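The letters A, B, C and D name the chains in turn, as written, and every chain counts its residues from 1.
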Amino acid sequence: MANSSFLSDLMARVAQAGWRRHARGDASDTFDLFQRLLGDEGEASGLVTAMQALDQFETHSPSEKAQLFHKIAGECSVDDAALADAIAAYRPGDAEAARRIHYTAEPQSLELIRRLNRVPGATARLVNMRADLLGALRDAPSLKGLDADFEHLFASWFNRGFLEIRRIDWHTPADILEKIITYEAVHEINGWDDLRQRVADPDRRLFAFFHPAMPSDPLIFVEVALTRVIPAAIDAIIRSDRDRIDPTDATTAVFYSISNCQKGLRGISFGNFLIKQVVAELQSELPNLKTFVTLSPVPGLRKWAEARPDLLTPGDLAAIDAADGPSFDDARRIAARYLLHARRPQGTAMDPVAHFHLGNGAALHRIHAAADLSANGRAGSWGVMVNYLYDGPSIEANHQAYATAHKITASAEVRKLAD
Amino acid sequence: MANSSFLSDLMARVAQAGWRRHARGDASDTFDLFQRLLGDEGEASGLVTAMQALDQFETHSPSEKAQLFHKIAGECSVDDAALADAIAAYRPGDAEAARRIHYTAEPQSLELIRRLNRVPGATARLVNMRADLLGALRDAPSLKGLDADFEHLFASWFNRGFLEIRRIDWHTPADILEKIITYEAVHEINGWDDLRQRVADPDRRLFAFFHPAMPSDPLIFVEVALTRVIPAAIDAIIRSDRDRIDPTDATTAVFYSISNCQKGLRGISFGNFLIKQVVAELQSELPNLKTFVTLSPVPGLRKWAEARPDLLTPGDLAAIDAADGPSFDDARRIAARYLLHARRPQGTAMDPVAHFHLGNGAALHRIHAAADLSANGRAGSWGVMVNYLYDGPSIEANHQAYATAHKITASAEVRKLAD
Amino acid sequence: MANSSFLSDLMARVAQAGWRRHARGDASDTFDLFQRLLGDEGEASGLVTAMQALDQFETHSPSEKAQLFHKIAGECSVDDAALADAIAAYRPGDAEAARRIHYTAEPQSLELIRRLNRVPGATARLVNMRADLLGALRDAPSLKGLDADFEHLFASWFNRGFLEIRRIDWHTPADILEKIITYEAVHEINGWDDLRQRVADPDRRLFAFFHPAMPSDPLIFVEVALTRVIPAAIDAIIRSDRDRIDPTDATTAVFYSISNCQKGLRGISFGNFLIKQVVAELQSELPNLKTFVTLSPVPGLRKWAEARPDLLTPGDLAAIDAADGPSFDDARRIAARYLLHARRPQGTAMDPVAHFHLGNGAALHRIHAAADLSANGRAGSWGVMVNYLYDGPSIEANHQAYATAHKITASAEVRKLAD
Amino acid sequence: MANSSFLSDLMARVAQAGWRRHARGDASDTFDLFQRLLGDEGEASGLVTAMQALDQFETHSPSEKAQLFHKIAGECSVDDAALADAIAAYRPGDAEAARRIHYTAEPQSLELIRRLNRVPGATARLVNMRADLLGALRDAPSLKGLDADFEHLFASWFNRGFLEIRRIDWHTPADILEKIITYEAVHEINGWDDLRQRVADPDRRLFAFFHPAMPSDPLIFVEVALTRVIPAAIDAIIRSDRDRIDPTDATTAVFYSISNCQKGLRGISFGNFLIKQVVAELQSELPNLKTFVTLSPVPGLRKWAEARPDLLTPGDLAAIDAADGPSFDDARRIAARYLLHARRPQGTAMDPVAHFHLGNGAALHRIHAAADLSANGRAGSWGVMVNYLYDGPSIEANHQAYATAHKITASAEVRKLAD
C-alpha cells in the first residue's frame, strides 16, 4: 500500500525532528508545489504536496520568501472571464447575483492557504508565514492584498468561539512558560525566578487564550496583580521583595501587562474578550474583588510632546525642555492633555494603549508620574503610567460613546489635570 | 461591575440546563437580534446578543425558522453602491481590484454566522441551524445562496488540519457511544450489546473524526473488521455469535460501514481523509495487515435496473422480472453493468457509494450476491454488496484516471462479469 | 539484552489479551512459583515469577484454589526458632522487644501478597484472589488466618488517603458504567436506559470511590436523588416516568442505594467516608440542600419477626400470621420494635443496614410501609423501608452514643411507634 | 449540618495556602491529638483530628519533633497482657498462634501512621515526617524501632505495583522540573537552561517514578544520554556545547545519574526496578540501542585508599602520596583493586554505587581516570569514574553470583588492571 504507507511514513517523519533537512528547492520550486496543490490532485498526495511546500518554504531566505509572496499575489488570482460574467449578471439589489460575484472573485490565495492548513500542525506555521509576509510588506505595499487574505482567514479561524482560556501557573508545562518569558512585551521577565513570582505567587494570576490547533502556543496573555489599593507605580508590583497578600484579602485586580504573542495574528483582536473573561473568572474565584483596573504605559506620550503640538501651552513646552525633563506635576498635566485631546485624523485617541482600553469601555481613571522608571518607561513617557478603570455599570455606555462619537470618559481628577 | 458580572452570570446560566426557558420572541424579534449583532455593539454585549439570538432561534417552529432564513437571505446582503464602485475600478488582470470586489461583495450573512459563533459552544448549534436550513431549502430553492454561505464557512472551519481522529472503544464516554448508535446509517446497531461488539471485540475497530469545538460530537466514523479473508457477506461480520480472532492474526482490514453524523455538514467531505488516516493507524498498530478493502452497499442498483435502462440486455430484463427476483449470477452481472457503465450526465459513476470510493482511488474488486439479506439490502440491491480495494501502489493513478477521464478501475473478474 | 528484552516482552504480552493461554500447571506448580517468589531472586526475574504465578492461579478451579490456600496457610508461616528467641527476650513494658516479636512473627503470606502486587495491574487480581479465598473459607474456617492477612494488607493499601471520589455521569467511560449496572446490589438497574436516568437526569447523582491502582473498578458507590420532600417509597425515585426537577430547587438529598463493588474487599469500610464526602460535595454544588437522608431497606425484619422473638406482643404475632401479612400499621410498628430493640449479643442493632447508618451517626427518622413492593422488598420486610437522617449538628453525638453505649437515636415518631 | 459542613470547610481550608497559620500547640498537645486519633472517634471527626495533628506537627522545631517521636516510641506500644496471652497459647509449628502473636504485638505507632494517612495529601507529609525522624535518629538510636515502623509501612505503600513511570521532558509542569533541579544529587543542574538540555535535547532522556498519592513529587529519577560510544568522562555528556546526535543513530544508552528524591523513603529500593523499566522503554522506542551502561562515580575510593588498607601495594601507597595525587594509570589500578576486592564485613562490595549496580546484575566494565574533574569528583575518587554494563543475557547470573557468593563479575580489562 504505497500510498497509505506513504501517509504513515509522513506522520512518522513529521514526528522526527530531523526530517526537514530533506526539504530543498528554490522559491520557484516552492511556487510549483503551491500550484500543484491548487490543481486537481488526490487528497492524500495533496497532503504530501502541502507538507513539502511548507517544509520548503521554511528553508527560504527572507528575500526568497518575498519573491514567493509576490508570485502568489500576482498569479493566484481570479478567473477574469467568469468574474466578468458574474458582474454582467448583477443588478443592484440582487443579493444572489452579488453573492455569485463574491464567490467568483475569491482570490485563489485563500484556497491555497486553506489547503496548506490540512497538514497536521500547519496552523502555527501559517501564522509564521504571515509574520514573514508582514516583514516583506514593509518594503512592498503591493502585498497588502495577500496580507488581507491571511487576515481574513485568520479572523475566521481564530473566532472567539474557538478559543479557550487557560490559567498559567507553576503547574503549566515548561515549554509554554518559556514562551511567556519570550513574549512578554511590556515589563520584561528576567528568567525563571521572576516568572515564578508572576504565575505562582498567591496574589498573582496569568491568563492566556489558546487555539486548539496550537495547543502549546499562547495567542495573548494578561498578567494580573491582586492588591488592596489601586497601584501608582509598576515597581511595587513586579519587584521581588514586595509583600505578598492573601488573595482573599484583595479588593482590586490590576491588569498590569497584556502581550500579544503571535506577530502573524496582527489585526486579529483578542484583548477585549480576554480582559472581560478574566474579570468574570476572577469574580467567580474571589468575590471580594470590587475594582478592576489597569496599570498601563503611555507609549506615545513623549514622542508626541516633543513634536511640540499646538495642544501644549508655553508652560508645557518649557517643562519639556527642562534639563531633567518635566517635573512630576508637569508630566502628569502633559499626559492628561495627550490622553484626552491628542487624536488621530479619524478622531480616535492617538495613544494606542488608550485607544484599546477606551474602545473596550474603560475610563481614564488616574495618571501617575514616576511610575515606570525603567529605560523604556522614561524614554516613552518620562515614567508616566495610567490606570484605566473597568467599571461594570458604565462599560457599555463608555464603549458606545467612544465608538460612535470618540468621546473619552475620564475621571474628574484627570479632566481637571488636563485643563 | 454590572457588565462583567453579566458575563459571568451568562456563563453560569449557560451551564444550567434550565436557562433557555427564558428565551422567547417570534422570528421577527430574532431577526432584530441578528441585526443588532451586525451593528456596532461592544463585544461583551454583542456576546449576550448572540447568545440570546441562538437561544431564541432554537425555540422556533420549522416554519418560523424558514421565515427567518428568508429574511436573512433577502436583507443581510451587500452594500450595492460600494460594490458598484469596486466593479467600476476593476479591469481584467487587476488582481487587487478583483480582490476588492470579493471583499465588497461578501454577503453580511457570513459575518452574521461568524459573530454567532463567538458564543461558547455555538459551533454545534450553527451546524444544527444549517440542518434546519437544508430542511427549509427543499421547498425554497431561493435559500441556496444562504446555504452556500454556511457551507463555505464550514469548509473553512472544519478544515482537515483542525480535525482530530480518535479511536472509539469501550473506554469512550457513554454520551459519545450513544451518538454512534444513533448515527450509524448503514448497518443498524441494536443497542449497547451490539455496540460493545463493534467497538470492544479484539478484532473490531471504530475510528471517528472530531472537531475541537464539538468535543462530544463525532463528525464521521468508520467501522472496521479485522479478518483473515475478504468477506463476501455482511452477516459474517456483524452477527453476534461469530468467531473472534486475535487481531495479530488478521491480514485484512474491512471498512464495513461509514457514517456521516452531522446533517448540517452536508457537502463537507471527511471520508476520504478518514479512510486514509485509519489505514495509516492500522498499519502502524498491526503490521501484518496487507489488504484494505470495503464491504459496501450498492444503494442505487435496483432502482436503476427497474427503470429498464438501455444498458441492460433482454436476458437482464427477464432476470429482473422473475418472480423471485434475479438469480445470484444474474444479480451479480447486472450489478457489474451498473457499477461499470451507469453514469451521471457529467460522466461519473451513478452509484453514490461507488463514486465516493472510486474518487478516493479505490478499485472495484468483487461483487457478491446474497451479501446483505436485510430488508434494506434486498430493497436496494437484491442483497448485492461490493468490495472496493484500497491498493496502495495504484491509489493515486486510480484517482487521477477517475478524476480526469472518469475511468473506473476494476478487477478482471468484475470486468468479465459485466461483459 | 535477554533479560531486559524479557521485561519488555513481558509488558507486550501483558498488553495482549491472548497471552494468558500460555499459563498452565496445577496447584502444586503454582505453589512452587509462590515459594520461588519468596526466595532470593533478582527483581526482574522475580517480577516474571510473580506474573506467572498470578496467571496460573487464575486458571485453577475453585477446589485447586482452595488446596493452594491451605498450602499457603500451612507452609508460609514463621521461623519458629527466631520467634522463640524474640519471645525469650521480651519483658512486659519493653516496647522494642514487643516490636521485634511483631516483625519476627509476621507470616510469610503477607510478604507473598506484597511481592505478587509488584506486577502491574496486580492489585485488582489480588482482590479477586481474596474473593476466591472468602469462597473457600465458608467450608474451611482454618483459612481465617490467611484471610486476616489479606484484610490487613488491603486495609493499609485502600487507606482513605489513597482513594479518590469521582462523580459518575453520562460522560463516564462505558466500561465503568457497565460495572455500575453489574454491581448495583439494592435496586437493580435494568439496562442502559435505566442507568442513564440514574446518572444523567438533572436531579440524580452517583458518586464512587476509586483506588489509583484500579482506575476502572469502582470500590463502592452511592446513588442520590435530589427532591423537595423526604420520600416515603422507592418507586417514586426509580420509576422512569417520574417528574424531573431543577436541581437548584431541591431541598433534600436522598441516598437511596449504596453498593459495595468488590467482594474481595469485605471488611474494609468505605461507606462512612463516602457518605460524608458526598454530603460535602453536594453542599458545595447546591447550597439549597438542607436535609440529607437515606431511603433504606430493612433486610432482616421479616426473618427476625417470623422467628417469633419475645419482643413481639401477641398482637404483633397475630399480625404476622395474617393471611395477607401484617397491615401497614402493624408492619410499621413491628419494624420499629425490630429496629429499636432487636440487638446482637454484643448490643449493637441486629439489622445490618441500621447498624451501618447508626454507627455513622445517623438517626432513625421515619418508617414507611408499602415502600418497596418488589419481590425482594416484600420477602425481606413486607415492603417496609426506613429513612435514616444525617443531621449535621448531632452526628458526632449520635455516633458516640451508639459506639460507646449502643444507644440508638430515633425520632419521637419512631419511638412512639415502637411503644 | 455542622459536621459535614465542617468536612467541607475543612476541604476548603486545605485548598487555601494560608490556613495552617491556625495550627498551634506544643509537642505534648500534638501527642494528645495523636492519642485521640487512636481512640474511638467517629471517622469524620477523626479526619479533623488527623489534619490538626499533621498541621501542628509541622509547626514544631526539630527538638520538639524529637521529643514527640520519643513519646510515640515509648507510649504507642502494645497491650502487654494480650501479648502474654498470645504467647502462652503458642507452640512452635502452630501457624495460627504465631499469626495471633504477630497481630497482637503490632505497635500502635503503625495504626497511628495509617490513620494520619487518611487526610487527603497526607502521604507526602508522612514521608517528610520520617525524614524528620531520621534526623532525630542520629542522636537517639532508641528511635530505630519507630523508624522501622515507618519503613515497613512505606515499603508496603510504595510497592512497585503502585508506582508509575513517567518521562520528564520540556512539556512537564514547571513545579516537577524544579524538583528535578533540586534533587539531582550526582551532577548538579545549573538552572533552567542546563535542565532544558538534559530533558529536551533529542539525545537525552529523563525518567522518574511517581506514586499516585504524590503526583507532583518524583521518588527517584534517572538521566540517560544516547550516544554512539561508551563514554569515558562525564564532561562530554553534560557540557552545553557538545554535539547533539539524532537519537535513531544512537547505539548506546548511558545512565549517567540516578537520584533518590525523598529522604523520608530511605531503605525503600526503587532504583533496580527503574533501571530495568527504562531499558525496556528505550528498547521499545529505539530498537537500534544495543548497549546499556552507566557512567558512575566511585564515591568511597579516595577515603578508602588514604586509610592505607592492606590490599594496596607499596607502589600504590607511593602513588597516593605523590604531590599531585596518583597518575592516571595508578588511579585506575587502585580503583580496580578497591572495586574488586574491598569488602564490607558481610562480604559485599565496599563502594555503595558498586554494591547497587552489582546487586542489580550489572558487570564492572571499565574504569576511567580523569573522568570527573569537578571538585566532588577529585575529592571522592581523584576523578575516576566507572562503567557498569547491563548485559541482558548475563544479568540474572551476575545477580545470583553476587547475591549468594558475593562474586563480582568484571571485564577481563578490569580484572587485569587489579592484578
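Please note the rule applied: contacts are C-beta pairs under 8 Å (C-beta built on N, C-alpha and C of every residue); 3 or more make two chains touch, one makes a residue touch a chain.
This is a predicted model, so every value here is computed, not measured.
The chains in contact with chain B and with chain C alike: there are none.
The most distant chain from chain A, with centres taken as the mean of CA atoms, is C.
Chain D has its Cα centroid 36 Å from the Cα centroid of chain C.
Chain centres here are Cα means. That of chain B falls 57 Å from that of chain D. In terms of their C-alpha centroids, the spacing between chain A and chain D amounts to 48 Å. Residues of chain C in contact with two or more other chains: none. Judged by the touch criterion defined above, the protein chains form a single closed ring in which each chain touches exactly two others.
Applying the touch definition to all chain combinations yields A-B, A-D, B-C, C-D. Residues 16-18, 170-175, 177-178, 191-192, 196, 202, 216, 246, 248 of chain B are the ones that touch chain C when the two sit in their complex. Partner chain A is touched in their complex by these residues of chain B: 1-8, 11, 40, 42-45, 47, 73-74, 77-78, 80-81, 83-84, 87, 90, 92-93, 95-96, 98-99, 101-103, 105-107, 114, 117-123, 142, 145, 148-149, 152-153, 155-157, 159-162, 212-213, 272-273, 276-277, 279-281, 283-284, 292, 360-361, 390-393, 395-396, 399-400, 403-404.
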